[in-house]
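Sharing a structure with you now.
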Amino acid sequence: MQLYPLKLVTVVGESVIMEDIAEEGAKLGATGYTITEVNGHGSRSARNVASTTGARTAKVEFVVPGDVAVKILTHISHQYFDDYAVIAWLSDVQVVRGQQYVRD
Amino acid sequence: MTTLLLAAIPLWGILSTEQFTRILESLERNLLTPIPLCFVLGIVCTRIHGGIKIPKELYYSIAIFLLMSIGFMGGHELAHEYEAHGVSTIWKPALATLFLGCLTPITSYVVLRYVGGLSIADSAGIAAHYGSTSAVTYAVANSFVEQTQHPANSFLPTLVTILECPGIAIALLIGAALSARERAAKAAQTGRPAKESKLGEALYEVITGQSIMLMAGLLAIGFISTMFMDPKGFQPFYDFFQSKGMLFRGVLCIFLLEMGLVAGEKLGDLLKVGPFLVAFGVLMPLAHGFLAAYLGHLAGLNLGGCTVFAAIVSSASYIAAPPAVRLTLPEANPTLSITAALAITFPFNIAFGIPIYYEMAKWIGAQ
Amino acid sequence: MTTLLLAAIPLWGILSTEQFTRILESLERNLLTPIPLCFVLGIVCTRIHGGIKIPKELYYSIAIFLLMSIGFMGGHELAHEYEAHGVSTIWKPALATLFLGCLTPITSYVVLRYVGGLSIADSAGIAAHYGSTSAVTYAVANSFVEQTQHPANSFLPTLVTILECPGIAIALLIGAALSARERAAKAAQTGRPAKESKLGEALYEVITGQSIMLMAGLLAIGFISTMFMDPKGFQPFYDFFQSKGMLFRGVLCIFLLEMGLVAGEKLGDLLKVGPFLVAFGVLMPLAHGFLAAYLGHLAGLNLGGCTVFAAIVSSASYIAAPPAVRLTLPEANPTLSITAALAITFPFNIAFGIPIYYEMAKWIGAQ
Amino acid sequence: MTTLLLAAIPLWGILSTEQFTRILESLERNLLTPIPLCFVLGIVCTRIHGGIKIPKELYYSIAIFLLMSIGFMGGHELAHEYEAHGVSTIWKPALATLFLGCLTPITSYVVLRYVGGLSIADSAGIAAHYGSTSAVTYAVANSFVEQTQHPANSFLPTLVTILECPGIAIALLIGAALSARERAAKAAQTGRPAKESKLGEALYEVITGQSIMLMAGLLAIGFISTMFMDPKGFQPFYDFFQSKGMLFRGVLCIFLLEMGLVAGEKLGDLLKVGPFLVAFGVLMPLAHGFLAAYLGHLAGLNLGGCTVFAAIVSSASYIAAPPAVRLTLPEANPTLSITAALAITFPFNIAFGIPIYYEMAKWIGAQ
Amino acid sequence: MQLYPLKLVTVVGESVIMEDIAEEGAKLGATGYTITEVNGHGSRSARNVASTTGARTAKVEFVVPGDVAVKILTHISHQYFDDYAVIAWLSDVQVVRGQQYVRD
Amino acid sequence: MQLYPLKLVTVVGESVIMEDIAEEGAKLGATGYTITEVNGHGSRSARNVASTTGARTAKVEFVVPGDVAVKILTHISHQYFDDYAVIAWLSDVQVVRGQQYVRD
């Protein structure tokens, strides 16, 4: 079992921006993404709009090489951190057949 | 509180005692029916931390049904109207709707920015909500006038559809234009590239959003099938969608229960938003409602029609507007707009506004 | 098995052949209708690993509708009753309900602890389920008596509401009091701080839980709108919620299908819970049901009323009780209580209990 | 495109001008009704990136209701039929159904593999879809013939149930048998152990799947309760489930709206699947439909019955078949089968197929 | 892109206790949390109550400094491990603007 | 607070195979698993079937010792990677009372 070391980027925040983030991540080099509906509470959750008004919280995950991870986090940090309730982090993962998640 | 009281004085001056009694009677007739009572139950439940949980899928499903029903019945009635009078009775109210759809975001913006002193983004964001409309307020107002035996003109659902978009678009354009400079300054100062604007995207999403697509789509379907189907085949669809029917009224109760649950939660934010916005959430609808009733009367609407027209023009959107504002004016604080629309104006209209518009319309001379 | 057989003997002695035939006929009349048959379909489906999946949101939505409907119709009928007789006919049955709501958790606890030899926590946990009631059992029993042309007294939904809480509260208090010492001992032994008790929180959640809020809230709404609305405006709400109507009966079929799917899964646990609990799940309801039919008759309930009263007193909660018990008596094994309530008592009541209570009520002299 | 045109020529030859006009009239009568119009609205909405989102739980809930309703009404009508004629009128159509259920996957496979040159797995996968049936196509076809005042024979729902499984089973067995060698070769070549086959598991899941369990189960329940209940008690269940009623027709509109949303998305895949599969998705149903109308007529079905029979035989499954194929023939490309079934055959049948089968059935002599 | 090393605490278990755990975690120092509805199977899943009875499984995640992570895990371990079906683990993450998730 | 180092295996893919993967993981030595409904997009997502047809994406997580992790990943890689849209990765976790997730 050959495993490739890659990075897992996890972003949690207002779902109104999450589809955009997923697509922007793909443009920055991610070969795919996974979105989960979640419920959340944080320091700016007052900014979060009630469920009935269509807004909720979502999580987006990207499995990407280190450089792409940094690009995605930098983009999110500039574009969204000031005005939206969002948290983002990075962790190390070992991926099966990981080469296919690295774009040339 | 002073603002609120000062602003309320003129109203008292206008009303005679007899009119006041009539309003109270209308209020009672409106309030002691299941639809507003379910809203109250929802609020009570949230305030005592009660455990009612309406699955959000049920809420969305009912919203879909209500929008389809409003559209379908609108198309059905429009077909009858069209067969009887062509477009002669409709174009004036349609024009009045378009006019008010463009005016109300501007009046709202001006009052919020210059009377209330809110920021550009907050003023534009709230104005987007008040420039649009709330289909549920339409549904409740329509139920009210049907129960008073003064049903509204048949084409009112068409007007709801017309009213949905322009207000949001105009307010967002105002906000985007006026806050562009501020953003550029901030970008220069932090040395980071200016953020991408999502205005175009957001406007397109409003125009092709669920409310418009369902209402306009079902309007066309209701129109076409009334024209071409034989009445017997049409009947089950009519029974399913009809606004006087048990399904529409019944699910509206469940919907208002959920609205009450959400509004109850937002009540806690009333303190945060401050007295000005509370007064705005009550007085702006009254002003817009009066104007709408008046213009509606001039445009030929009947008593029920003027009442419902006033309700929809004065109501604030809390479905289409919030995500559009969030995407285009992210620096606007959503707590302000959502609280005003959902915890002040909506309950006010449901409980007090609709009967008041009814008396206004009567006073103006609508029949 | 011996326990079961021994316990069943007295029943045989009581019944004459003619009574036995009548019970069989009632059984057939009850069993061969869509509602219990959908339950059976659900069980069959699970046992053969069939693939029916009712979305849990549909299940919750139907539960909300049923509770609202029970409350609303209860309020409506109560208004008529109140206008006709004031509170004179109601206070005795209400008192009987309160009495049984306090008695049944105690009898259940005593039998479970001292006859069955279960632990304190398990006995109290199961007693909390049997002290409360099941709104769906009410709905099915009500459908049954309506079909036999002996509709129950109009205020039965009020009694369901009264019965919901006290039983859970009393059983949890018994459990908390008696197991406090055990817990302190364990905490001392392990050297760790004693765990926080969640009793107060759990009790508050039961009292303000979904079942109570919806039933009591809609009861008030049904009452008020019957009093103040004109009948024509009331009609669509009546049609939507009415328990004889197509919506109530129809969605009850879907609900029982899902109950069957869940009960079918729990059937596998029957072996785990052992013969004593199986016997308890059948005989305790029969005992409680007989007592309820008798007291109901004394309190002035009619034939249908006694039947439904017996059904609700004998039934076990599987919605409000489980989370409350899980939070306050975590050392109780939920498999025991859920299996008893859902896989033994509920099916027994739906299939056999209700017609038996009907014959009991007849035998007692209810009309 | 050449394939398509060549294949269409014989049709033109068969039809007289008068027949052609009649077909156009039928088309109009069919197309300008809410059910297909909602489908069109869904497609339009997706193509312009409109924002309608039907919660998948609503979609599943409606599917459950439709299947239950088809089964229940089938059982109800079957009971009447059975009381009137025993099994004398039913066994021939049942046999014809079984025959076509076994034939259509084979014809489909042969055409796909040898005319279209698709791989074994793809041919067998698509054949599994076309060998089974679509309950929604049944519902729409049934609505159509009810509106033309030529209701289908009462036992058609029974035939839908019979048609569900055999086609999938036969196609998967063909696929598994023929592709076993290929797989063994590949396993040998890569040096890894051959993958486990999930054929048995998948077949069991098809047979005990949601469609079959709900339709067959409710068929039995409808039959039994018609036999044993008094009509008054039966009425609310009949009102809830009946296919001419407002609930069935109304929710069918919402269902088709969602189907349109999905089909609209798949339209983009039409280019990927190529002209052969587009032609297959139109012509294979016409061929199977004609055969079904003919055999149905021989077996004694009436005009409405032949029409609906042709619709169900020609339709392709998109609920039961896809997961079964995905599990047993994973190397088959699901885009091909789903696009053909959902974006070609389903819309074709809904819009054009059903009225064409109606004219076919008339031409054959069904009454 | 400056990243702060923090800990991700993940807790999966009976949903009847998950809201409590989330709030207790906040009291012990977490600035926020994310809840996801999941389905689970484990050694004590027999203790898990069927979906119809309102009980299910949920996952709670906290992004916190190491000391808070230990506090939360210790609390959960004492209060819930004996009587409830629950699993809890810790992993290393690199968080964007991570200082804001550290309470003073 | 004593923590045990174990591995977290995460598998995301077509939900039609996810229950099977969960059970096969249990057979290969996992003492439990957690399933989450997600939405995903990847290189083979064209193979992913639309929501209406009943197929979606799901995530399965296993907390397991290293050797079991390798067994699970090897199995998934052989049985599913060629024909299904699926991604799988491994990460390091510290588990509370972790010994109970190691089968003898």
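Just so it is clear, A, B, C, D, E and F label the chains in written order, and each chain counts residues from 1 on its own.
We adopt the following convention: a residue touches a chain if its C-beta (ideal position, glycine included) is under 8 Å from a C-beta of that chain, and two chains touch if they have at least 3 such contacts.
Keep in mind the model is a prediction, meaning the values are calculated, not measured.
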Farthest chain relative to chain D (centres taken as mean CA coordinates): E
Distance between the centres, which are taken as Cα means, of chain F and chain B, whole angstrom: 47
Between chain D and chain C, distance of the C-alpha-averaged centres to the nearest whole Å: 43
Touching two or more other chains - residues of chain A: 36, 91-92
Residue numbers of chain D (touch at least two other chains): 55-57, 61, 247
Touching chain combinations (by label order): A-B, A-E, A-F, B-C, B-D, C-D, C-E, D-F, E-F
Residues of chain B touching chain A in the complex: 56, 59, 192-193, 195-196, 198, 258-259, 262, 265-266, 318-319, 322-323, 326-327, 330-331, 333-335, 338, 342
Sites on chain C touched by chain B in the complex: 55, 57, 60-61, 64-65, 68, 72, 204-205, 208-210, 213-214, 217-218, 220-222, 224-225, 227-230, 233, 236-237, 239-241, 247
Of all residues in chain E, those that touch chain C in their complex: 14, 16-17, 20, 46-55, 78-79, 82-84
Chain E partner contacts - residues on chain A that touch it in the complex: 10, 12, 36-43, 45, 57, 59, 70, 73-74, 76-77, 81, 87-92
Residue ranges of chain D in contact with chain B within the complex: 28-29, 32-34, 37-38, 41, 44-45, 48-55, 57-58, 61, 147, 244-251, 253-254
